[in-house]
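Below, each structure is written out as structure tokens.
Heads up, the next two complexes both have chain A, just with different partners, chain B and then chain C.
Here is the complex of A and B:
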């Protein structure tokens, strides 16, 4: 039985927060991209991904992040990633972000208000 | 609803499209008009039923919980199976999409008619045959889809296998072993081991393209080819750095030249993929090294790959941590080259995340700690080290499916008395 990724969207101070519960892997990443599409087409220009309940995030998940950031246009990586922030990843997810080198490009926060304030 | 409309609606339904007038009229007599509002569920899957329905006007959704199966509108018939057989339950749920008018035919009344009107039985058989034909069509469709999927997996595997080396160079004083195991739904692991153009250094490459299937396999071929081509051609360029009178090649490529070759290779690969394929967001983690078999100096670049391990029988000596990010999506990425000396008895183990992320039936991960605990306990050949790891993996997985490619690359220095030449 494959685990599913549940996604709930909330909004605070004009920022859309995607609360993710479950693994972000090759099976679930399309669902995440589709939900992000929906939110961005609805006008969101600032997104926080709440990774508190994310059990696993491998290279497929990081690719999904890059795809989502890419939807915001912008020529440079810092421009694209300025629209997406990460909240409260587990130690293991942090390790993956560091190994693959994403930590130089995308901001990570432990606290939602800090994440929102950083835009 | 007047009875004339009922006759018309029945006549236009799929149930009675070829039935005689008398049958239509008889059914009109027993048909009961009912209404359901948009959003209302008429019946749920699993309930007992004793009526079939014809849609006079409106639209319903046939569904199984959240899974929508089909929409039906004017003239369509549903519920015939549970209505006709006494021990059948509803095979799906029906919910109105818009305000809908239905003609209901109750089992009791239908059965009553069957004995007096053989035409009614014919009409019902006609409908049931159509249902069966649709089911067969669906099953055929599914089978074709499964076959197409299996074919795609096979193509992915063939592409991948075609780009992996047939054999690994044998180098005196060194053991080099590789283990590669593709996942069923092939992922994007690749490895390469080859002599550089002047046969003085061994190139060691291990990489992992994100994603699965034919897409990942195709990007794997791109990365693998770019890396080999750039590394070999960069090497060839070094032949030409000579004095004007004598054309000769450097006897041992100095570490500085190895470093430059590695940096050029990674930069060219990164630049090409980021600029040509930026829309795909495809990347690969990459560990690429040049080993001088005479000196034991290993120069390497690690682009976002799981840190290879240097160890000997005394334990783990060093981890070769990333010196830059994954390759292919960050155009401004910078990479650095590092060096390490492999002494006699030292081993290098490089692996893909399919090893550490392998799952057992309880969805536990094999994990890095478990892998590291297998290293450096005793003297083993490179091949024996890999075999040990794979047998532990196999035991751990205990029959659980393999979701990601597994790649292991082992290199061991077995030199005894060596004269190091610098």
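Here is the complex of A and C:
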């Protein structure tokens, strides 16, 4: 029983949206980082990660967020994280973000247009 | 159905989903509530990931996971035969807030300690590692 993380990319108003479906764990983390890398190398500097269909996220998801934000420039970690917004995480995923202090660095939205408008 | 549930599984990251499902279904049958199930699933995912990455260092091995109820707590025990690794006493060298750290690592153990009530480690007489996670239930 191996679960995969499916990732589809769309674009709206110049913002790249990564629609994730499945678990973000140590088994799927690298695939997420690689896909984000591909999008960033393609010129994206604003990314929304749509977590609506993410069934599970542990610290591997936070490692991936840290790595992805680190690909952007900025004098501080806050500036780097400002290039990435999260959309519609489950309560469980929100708890993980809060528990390790990532909620102070990365903005979370319930609505795609708000997320896009926040950049 | 109460009673101890045990899973013996290959130490591979591709097994994480199966392990999480085992914890979820076992904890449910041991009358855990939704929050306790979610916290235990998270803690076990993190602990198993550490065993695979730091204990076995991605070499072949097995992990035995058992879960049982003791009065007002759920007790998860993870046993492996990897190199000794005690997550309960792990202290990160970089003490800044996790998002501020240069390296994206060392997130798992702080998470485990936040979501379960007790973490203990011992080396069994037969060798290997035994990590026990205790989650109190209401």
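Just so it is clear, the second predicted complex is superposed on the first by the 119 of 119 C-alpha atoms of A that agree within 3 Å, B and C clash if a C-alpha of one lies under 4 Å from a C-alpha of the other, contacts with A are read in each partner's own complex, and residues count from 1 in each chain.
Assume a residue touches a chain if its C-beta (ideal position, glycine included) is under 8 Å from a C-beta of that chain, and two chains touch if they have at least 3 such contacts.
Just so we're clear, the structure is a prediction, and the values are computed from it rather than from any experiment.
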item	value
Chain B versus chain C as contact partner of A:101, first or second or both or neither	both
Contacts of A:81 with chain B and chain C, given as first, second, both or neither	second
Contacts of A:89 with chain B and chain C, given as first, second, both or neither	neither
Which of chain B and chain C A:70 touches, first, second, both or neither	both
Which partner, chain B or chain C, touches more chain A residues	C
Residues of chain A contacting chain B in one complex and chain C in the other	3, 26, 58-60, 62-63, 66-67, 70, 77, 99-102, 104-105
Chain A-touching residues of chain B, taken from the complex the two chains share	187, 208, 210-212, 279, 281-283, 285, 303-307, 322, 324-326, 329-333, 353, 357, 363, 403
Parts of chain A lying in touch with chain B, wherever the complex brings them together	3, 26, 58-60, 62-63, 66-67, 70, 76-77, 98-102, 104-105
Chain C to chain A touching residues, read off their complex	13-18, 20-21, 38, 41-42, 45-46, 49, 52-53, 97-101, 104-105, 107-108, 110-111, 114-115
Touching residues on chain A, where the partner in the complex is chain C	1-3, 23, 25-27, 56, 58-60, 62-64, 66-67, 70, 77, 81, 92, 95-96, 99-102, 104-106
